[in-house]
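Sharing a structure below in structure tokens format, with a few things to ask.
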Amino acid sequence: MKKVFAGADEAIHDIPSGATLMLGGFGLCGIPENCIAAIVKKGINNLTCISNNAGVDDFGIGLMLQQRQVKKMISSYVGENAEFERQMLSGELEVEMVPQGTLATRCMAAGYGMPAVFLLAGIGTEVAEGKEVRNFNGKDYLMEYAFDSDFAIVKAWKGDTQGNLIFNGTARNFSPLMAMAGKITIAEVEHLVPVGELDPNSIHVPGIYVHRIFEGKNYEKRIEQRTVRKKG
Amino acid sequence: MKKVFAGADEAIHDIPSGATLMLGGFGLCGIPENCIAAIVKKGINNLTCISNNAGVDDFGIGLMLQQRQVKKMISSYVGENAEFERQMLSGELEVEMVPQGTLATRCMAAGYGMPAVFLLAGIGTEVAEGKEVRNFNGKDYLMEYAFDSDFAIVKAWKGDTQGNLIFNGTARNFSPLMAMAGKITIAEVEHLVPVGELDPNSIHVPGIYVHRIFEGKNYEKRIEQRTVRKKG
Amino acid sequence: MGLNKEQIARRIAQELKDGFYVNLGIGIPTLVANYIPEGVDVVLQSENGLLGMGPFPFEGEEDADLINAGKQTITTIPGSAFFDSAMSFGMIRAGKVDLTVLGAMEVADNGDIANWKIPGKMVKGMGGAMDLVAAAKNIIVAMQHTNPKGESKLLPKCTLPITGIKCVRKVVTDLGVFDITDEGFKLLEYAPGVTVDEIKAKTAGRLVIADDVKEITV
Amino acid sequence: MGLNKEQIARRIAQELKDGFYVNLGIGIPTLVANYIPEGVDVVLQSENGLLGMGPFPFEGEEDADLINAGKQTITTIPGSAFFDSAMSFGMIRAGKVDLTVLGAMEVADNGDIANWKIPGKMVKGMGGAMDLVAAAKNIIVAMQHTNPKGESKLLPKCTLPITGIKCVRKVVTDLGVFDITDEGFKLLEYAPGVTVDEIKAKTAGRLVIADDVKEITV
């Protein structure tokens, strides 16, 4: 059971150009910073990325976009990212917009071995085009397929050498779902601990879903919208 | 936000005869002992019970069977229960057998607002009779419907006054899934704590799914198969 | 004339009931949290995976792992719970969230809503909006009554790509409060200083006036 | 003659590879855990919601909240994780469990299996058996070669209600080790003291003998 890797370079060593990747995170919250840096360094390209967002110009998946490593983005919201916009408008980048809950549930379906699910989102909209509509109890649902991905890349708060993962706060978001959906799942963690240190009642992703794990370094954990209130 | 009830009698006060109940637990592990006792005491009957097992003769749902309160059981395994067998063979009790994973996933589907799911279990067997079969990627799946239940009754280890639940060990089993699936969900807990005492990263069922909660009493927590090894 | 954003939020806050679980969208809806009535206990859901959203953190106490769906730094309150995005939308889809408040570019008199895409402009995506409008059991839209050109945003039919069909229950604008009914928009309350005739003039969709129409109190 | 239960379990344990996640059914399969080869690290899954099942507890240390799918008291090992039943069968369905070992009443030469119901007898239910056989990616059946009446349990077609179709990959009985192939049961190994002719006589389903058939070493 050799799941522990030295670092991101080793963990992503065999991701080929043209692969389909799931990348955890919501905005810049909970993104796999180390793996993204390693993918940028390695220069693999032609990637299809399933990720709720596409980062900002100079952080997150935005770094991969800068290097033109991404062929297609499957996202729910691509926000503020000038390079993304340029590539999309010029036709260099293919973009598929998926409702956020649909994105999450299609990941979950993959991890649970369910080939398709019925969801309400998008009924009557352009998202429904070409999709099967089915009525249950008087309500229309879209049939949505489980996502297929070669690698899932997530960042967790704590993990053990068996691959068990625990996330912190809203940095959880899509990451457990993607971790369960990857053919090969790579987890970078802030704290890698020996087996036995994590409470077995509190594991978010059991190690059976995680193939590679390493302790990440130099997390920036950038905040996208710093909103505060004054004391007193 | 008045979710806290004094006890089982109060929490189950409005369950009518003829209701459909989900009851958490695997064998006798993690069953809602207090609510079962209150249901027996109240004498409501004609119940449809969705539960992985049906207890033993003198414990768990077996106590409800003794009082002839159950019209129909939907279970995966009904094991050793002489009174159950008698009622089933005499036609007093209707029994629907559902594969264990299908049972779990049909509960989950209800809690996640998914009307149906596609599952592998039972393909080519008598379980598939009358059900829609659909092929995805060369494999046949059965379409299985989400369960509908009036009340879900579960037992958790810890809960707070907001209804957040944490389970212990394998006493978790079906209970979180059923808790999320009930139109009205009643949780009995070994330890009821004030809000703020549970780690928000470690909640198994968020309070939004739980309508009533109380601290149970006198848990017997009977062991069905006591297997041990000798020291040394 | 008419309500300002805070007053729109204040009026919507009157719809909150004790024990409600509420999802508030970005913009005016977010402000509703500031006006929760005394004695009314509501829990805020953020669809990125949190029940029990608290106010913004004090300066210096921001946590990168703790944001809302608008990606703003926030806090939790006692009793909060984190979960993944599938469970988050699962609870919305299963009807566990009592009220969703969101903004819109257009609302049609049958309850259709458009708020995610303007043809010819950069498409940023629907985020969670399509899930929320399709699945939430009670949706209130908070928006300006007219667009910057003065054109009505309450329409017989949405002109923009729609986000969801027949889903809006109530609209609160700077000019009034409207239920969506079989007869179209039903004016329940008008803003102080605004006449019913002005509302008629600025509403392109079908409009009926409630018998007991009255002035908004905020 | 032939293998006893412990030897069947011991032979199956040779199929374990380092890093395997394994689900062991009730009966002989449970015994496999006692014979995991030196240097092979496997994690046992119990479908009631546990990865990392350990041995039975010491007397007096039983925990009612800690049982396996056979409802026996067990322990955990460092690195174990609990989860709900939907995730448990989800990971099986998604092919994350490398090997499932279970008992059977009948196996057909196309891989069909019957192990849940005998018409006319009390029906106890399929439990997780149908889920496991339909979804597991690698299934080994551990059973006696013949029933108490001496009739073959390796059949051209199951006579009992089936649990799953075309799912068994390998069968280990007291008499031999068989792969399920397009040609039917393929005898790979025979038990010490058992002849190939005896196996032929006791196998009702199609049977082919591997070119390199050899004696089982346990």
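By written order: A, B, C and D. Residues from 1 in each chain.
Here is the rule we go by: a residue touches a chain if its C-beta (ideal position, glycine included) is under 8 Å from a C-beta of that chain, and two chains touch if they have at least 3 such contacts.
Here the structure is a predicted model, which is why all the values come from computation and not from measurement.
Colleague: Does B-D or A-D have the larger number of C-beta pairs in contact?
Modeller: B-D is joined by more C-beta pairs in contact.
Colleague: From subunit B, which chain is the farthest off, judged by mean CA positions?
Modeller: That would be chain C.
Colleague: Quick check: how many Å separate the C-alpha centres of subunit C and subunit D?
Modeller: 56
Colleague: Rounded to a whole Å, what is the gap between the Cα centroids of subunit B and subunit D?
Modeller: 29
Colleague: When the C-alpha atoms of subunit A and subunit B are each averaged to a single point, how far apart are the two points in Å?
Modeller: 33
Colleague: Can you compute the centre-to-centre distance for subunit A and subunit D, using the mean CA position of each chain? Integer Å is fine.
Modeller: Inter-chain centre distance comes to 36 Å.
Colleague: Of all the residues in subunit A, which ones touch at least 2 other chains?
Modeller: Residues 105, 112-114, 119-120, 167-169, 172, 200-201.
Colleague: Provide the list of subunit C residues touching at least two other chains, using ranges where the numbers run on.
Modeller: Within subunit C, residues 76, 82-83, 86, 90, 92-93, 135 contact more than one other chain.
Colleague: Where do chains touch, given as pairs?
Modeller: A-B, A-C, A-D, B-C, B-D
Colleague: Which of the residues in subunit B come into contact with subunit A in the complex?
Modeller: The contact residues of subunit B facing subunit A are 105, 112-120, 136-137, 139, 141, 145, 166-169, 172, 199-202.
Colleague: In the complex formed with subunit D, which residues of subunit A make contact?
Modeller: It is residues 1-2, 110-114, 160-162, 164, 180, 194-196, 200-201, 203, 206-209 of subunit A that touch subunit D.
Colleague: Hey, which residues of subunit C end up touching subunit B in the complex?
Modeller: It comes out as residues 18-19, 21, 41, 43, 45, 51-52, 76, 78-83, 86-87, 90-97, 135.
Colleague: If we count contacts the way the header does, which residues on subunit B are in touch with subunit D in the complex?
Modeller: Its residues touching subunit D are 26-30, 52, 75-79, 85, 88-89, 95, 97, 99-105, 107-108, 119-127, 157, 167-177, 204, 221-231.
Colleague: Show me the residue ranges of subunit C that touch subunit A in the complex, using the header's touch definition.
Modeller: Within the complex, subunit C contacts subunit A at residues 46-50, 55-74, 76, 82-86, 88-90, 92-93, 112, 122-131, 134-135, 161-165.
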